[in-house]
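Sending over a structure as structure tokens; questions will come in a sec.
Note that the chains take the letters A, B, C and D in the order they are written out, and that residue 1 is the start of every chain.
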Amino acid sequence: MTQPASAPTVSTAGPSEPLLQVEDLRTHFETPRGIVRAVDGVSFTLARGKTLGVVGESGSGKTVLSRSIMGLLPKRGTIREGSVRFDGTEITELSPKEMRDFWGARMSMIFQDPMTSLNPVMKIGKQITESIRQHLDVDKKYANELGENLLRSVRIPEPEQRLKEYPHQLSGGMRQRVCIAVALACGPALLFADEPTTALDVTVQAQVLDLMATQQRERFMAIVLITHDLGVVAGRADEIAVMYAGRIVEKAPTSVLFSDMKMPYTEALLSSIPKIEHPSHTRLNTIPGRPPNLVTPPQGCKFAPRCTYVQPRCLEEDPPLMPGTQPGHEYRCWFPVGTPEGAEALARNRADQAVTGGAA
Amino acid sequence: MAGSGTAHLRGDGDSLLRVEHLLVEFPVGRSGLKVNAVTDVSFDILEGETLGIVGESGCGKSTTGRAVMQLPPPKGGRVVYDGVELTSLKGEDLRAMRPRLQMIFQDPISSLNPRRKVKDIVREGLDIWNIGDKDSRDAKVLEVLEAVGIDPANVERRPHEFSGGQCQRISIARAVVTDPKLIICDEPVSALDVSVQAQILNLLEDMKARYGLTLVFIAHDLAVVKNVSDRVMVMYLGKVCEVAGPDTLYSQPAHPYSAALLAAIPVPDPGTRPDAQQVLGGEIPSPMEPPSGCRFRTRCPRAQPQCGQEEPELREVAPGQYVACHFPLEPGEALTFGGPPSVSI
Amino acid sequence: MPAPPPDDIPIPGPEGQRDLDRYAEDSLDSGLAVAQTQLYVSAVEVGGEGRRRGKGLGLGAWLAIGWLTFIVAVSVLAQLGILPLKSPTESFSECARLGPFAKEGTAPGHLLGCDSNGRDMIARMAYGGWSSLVVATGAVLFGLVFGGILGLLAGFFGGKIDAVITSVFNVFLAIPAVVLALALVAFLQGAASSGSGGDNVDPKLLLILAIGIVSVPLLGRITRASALTWSQREFVLAARAQGAKPMRIMVREVLPNVVPAMMSIALLAIAIAIVAEGTLSILGVGVRPPTPSWGNIIGLDRGRIKESPHIVFLPAILIFFTVLSLNFLGDVVRAKLDVRESAV
Amino acid sequence: MLLLVTFFTFSLVRLLPGDPTETIIPFGTDQQRAQLSKDLGLDKPFLQQYVNYLGVPVLKSEGTSGLLQGELGRKYATNQPVSDLLNQSLPISLQLVIYAQFLALAIAIPLGVLAAYRSGTRTDRAINTTAFAFLAIPNFVLALVLSYFVGARLKWLPTAGYQPGWLDQFFDPDRGSMIFSGWEDNHIRYMILPVITLAVGQIAIYMRLLRSDMIATLQENFITMAKAKGVPNRRILFRHALRPSSLTLLTVAGLNIGTLIGGAIVVEVIFGIPGLGTQIAVAISAREYVELQSYILVLAFLFVMINFVVDFLYIVLDPRIRRARAAA
């Protein structure tokens, strides 16, 4: 990405334009082993105040996706193609210097591990006011007041006291609240939350997720919530994108996704999670094999080698994102779940398996 | 709640493992303070049973597992395994017991020596105890590796050539190779992706059937624990809160903490929108200075003055359901969180 | 911005290696993997150097190996008398102080001139190489064996054993290494001369002992740190759970993981020991003349640097390239095995 | 710690096989030896000798004074008190080491940050290669090279001798009046070459250390977080990354004081500076073991003190340790 920075773009965003519009984003890394296609053609839009859940297992490219959209990946060795329009500005063409006006101010990010995402040798107050002072023209005293209010709004007790403390003096949950406060400091329109609760206990996770929801409502902020846990996004995202091998394989409004999933991967992922309502010793469905190598991904559908619906066509032709019956639903599959073709494919495979199984 | 007591223990003779009044403390530096990691925990396991131990970080579940293994021996209490009191054994006698109870760890990478071949890692237990001759050891190693689903063609490889899930399979093979009766699984799936997690959970069930194992399954994920357990023990801050069969516990938790834990699980079903009022406030207090009386009282919406003065004992509230709480939830009663959660550090 | 990590970015432990091996298939998502991607990225950036680092050794390393091979071969062959060299102790008085760049002109028949006693420089440097290398290697072996054993015991067992060994190390470390080595040489010389009633103990042996003893706490601390980290790994716990005896765990589980770290340090330590021998020679307690060593060739004639610079500079150049090669190789090995510099 | 060092050095000297007096006066008569033995208290049991040496009140033999009374012993040959020698030589070495340390850090820190920031680029490789070369030059070689080219050939700077500086007067008041302000006889002028000699190796060590720690820090999440906040690069480097990266550097800089003092011995001998290093070399060649013992002790004392200071700085730099200390 060495395109020259374009002249300052005038915001052309009308009220109808979505806040974030990602089109065919590709992020590849050059490595000695070849090109790693970490993100391979991802498109989506996100409206103001909405939440997009991005779900995927490790290696699916969800973290790289968020950092690529924000432009936080190192330039060297990274090939980024496609378009990211944020609030009417094409941000892929901006230099890091120009991006600095976006970072923290209009889009910000929180990470999985609250311990490592706060500077251990810097006071919390400093870390919060830093971006305030960077982006807003305010004096130190006012920035401190703002910081204190922020801590109060993320429900940290004794905020005045906390400003003078260091991160290690807080518990994990409190640290993540501080991270949220840092991310919210300048009132961004978009927040990337990268596995924000994976390192936390369940009860604390619930607190933090609720806090994020409250802040989102109050600030009319859009959130990209990245997680490996379908449970986390189920109750909190407006729309869910399922990623596999660097691509979105299924995307739908949350209720549609769960009631009418079309992608065999989504189905398999959901059925491999143990459920509370199932009795003990319920046999879990498993997905055989491993995610594909991102340097030399398989031809055709990337999930085909592990798929129970797989047909010869899947191994040759890469399915495009196809619209589902309900608005906003898209998936990549030739033999989708819950369709006659899908059922037929599954039945055929079961029969084959019975034959080979019987022969063995 | 979060109390002591032994009411939930079953007949002395039937259990494969019986733990009474387990006490583990760690000194904190030279300050004289100590972490009360596990305080007065008792439980027992029948042969062939799987006991799930569940709780959040800092509840002492992993410490309990290691104390049972005598790694290191606990400060107090009794651990009786298969009729032998482990806590009274020393040196060689204790070492001789080791192959009979085994352990599987959380981190599949850290728990395998990177410089040894898979074959040698699995064979180590047999080599230490000189079990069988060379050929029979090799045969046994291949058999267990095949049982856990590792291709025998790969036994000459080193751990870094395997994925996390496969490493966990190798750990399981290493644990079963000396034919133990009891295996303590310390968060065996929490480092794995969900699809791999399902494979390992199924594998554990298979191995249990194949080798007649009894399991202690330690995890923080309630759904995972429910999937494998015959009995579940909920721990909080080094104490037992509730012991019950999984179906009872998950449908009618009697302890407010169990109920809060269940309420906090994110359910992969958009129908159940999480309710902010259902969220447990606060965080786990410091194990160096645990609250008096019931250790959960500082976060409990049902706490009364009595809870600060008197430590609740485990008692049976329904058949097979034991709870350490002065004011347990009645069957059918939902936990109500009154007022804003008190946030404390 | 923040610089993508460079070629010798710490790859955390052997498991880092494992991730590198599999990273394309696995876990691109974790921050670690992103960092490693950056590693590969920058490796490519620096013009294929990283590629070599990943697989081969690189030109620099081969040059270093070549130089060391040359030095070792010449020293050994000279010592065996196979090379057609002049005697290192024979004086050609007419050639004294003569040599390239010397004020009084070059010495006919001696390519690199002669020292102030008229001894052939080539011969002295070749034989001197033997002394320097024997002393350095011997001392490091001594340090590795004793420091290694003590460090392993301290790191693995911890507790009181660790406390005792560490405080012994600290006592030694509180005295500057050169001072300690000086004192030890003096002490050992005294001991040797009064013990056996003469000077028939090889002074090289004294130096090996003195420098070796000084290196024990240094190498021991590194071993201890490494043994400590490895002893906390869960596979050690697993071995205990299987009933392995402590000695078996130490030797079979911990030691093989500690050895690579020690090997890479050993190369650096030899370089340091060569310099140490030189330093002691300058101070007059090195290899005793007329036996040459690189250090004492410089030490004997450093006062004549103005008139005959070649006597000082020639061995200095040898020391420089040898130390450079050892340092460089040590670094390559360290980058390959990832032994953090902070351990040193 | 210091006690252990005193015991160690004391044992080392006393355990010399044979009669110590023989080592000290190899050609003395039996009578002289007996007298010396008595003077040195060598007729007493080993532990009593040690107690005398330390000068432990109550336990020590009557009429003796030891370390606790500030008695460092006397040089046997001249009967000069060792403390006088120390007062003259120690400040010289201290100044040398202090200058070298500051020069090394002043050059290494910016270079290390730059190399880490530009890691993998040509700048980085240039810095790194230079560091490698620096690292491979032994002190004594560099000292000789500098004294030959800069001193002897170019005649810019003196290659031997010493003029008192600011520190000397605190140890030896007479020296205060000896500080020359003119350039010809300036203290600094005499120190330049030795200081450069000592500093070069340290620059390489510190630079490489800081670079690798800095690179590790730059991969931390909190750096990405700072970047995601829109913090400018310079601020990220110096405000966010430098402090957590400098901890190892600090430790090594503390430990390296020992190395520096060791290096100072050679450098002082080569440049003819009458510092502690020269004294030690002289003491060893003259077999003045009592004197040597005192010097070692002083150095060990300095080393321990410096590491106290390092510990303190650690607390300043790393709040996590501050808390751990407070709890303990």
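FYI, a residue touches a chain if its C-beta (ideal position, glycine included) is under 8 Å from a C-beta of that chain, and two chains touch if they have at least 3 such contacts.
Quantities reported herein were computed from a predicted structural model and do not represent experimental measurements.
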Inter-chain pair with the most contacting C-beta pairs: C-D
Most central chain, judged by mean C-alpha position against the global CA mean: C
Distance from subunit C to subunit B - Cα centre to Cα centre, in angstrom: 49
Whole-Å gap separating subunit B and subunit D, where each centre is the average of the chain's CA atoms: 54
Computed distance of Cα centres, subunit B from subunit A, in Å: 32
Set of subunit B residues in contact with two or more other chains: 163
Where subunit D touches two or more other chains, by residue: 120, 221, 224, 227, 233
Two or more partner chains touched - positions in subunit A: 58, 67, 76, 96, 111, 113, 116, 290
Subunit C - residues contacting subunit B, complex: 14-15, 17-18, 21-22, 25-26, 233-235, 237-245, 248, 252-253, 256-257
Complex interface listing, subunit A residues touching subunit B: 57-58, 155-157, 170-171, 173-174, 201-207, 209-210, 213-214, 228-232, 234-236, 254-255, 257-258, 268-270, 272-276, 278-287, 290
Subunit A to subunit D touching residues, read off their complex: 67, 70, 72, 76, 96, 100-105, 108-109, 111, 113, 116-122, 130-131, 134-135, 166, 168-169, 179, 182-183, 185
Residues of subunit D touching subunit A in the complex: 120, 220-222, 224-233, 239-240, 243-244, 317-320, 323
Subunit C-touching residues of subunit D, taken from the complex the two chains share: 1-2, 4-5, 8-9, 12-13, 16-18, 22-23, 116-121, 124-125, 132-133, 135-141, 144-145, 147-148, 152, 208-209, 212-213, 215-216, 218-219, 221, 223-224, 227, 233, 236-237, 241, 248, 251-252, 255, 258-259, 261-263, 265-266, 269-270, 280-281, 284-285, 287, 289, 292, 295-296, 299-300, 303-304
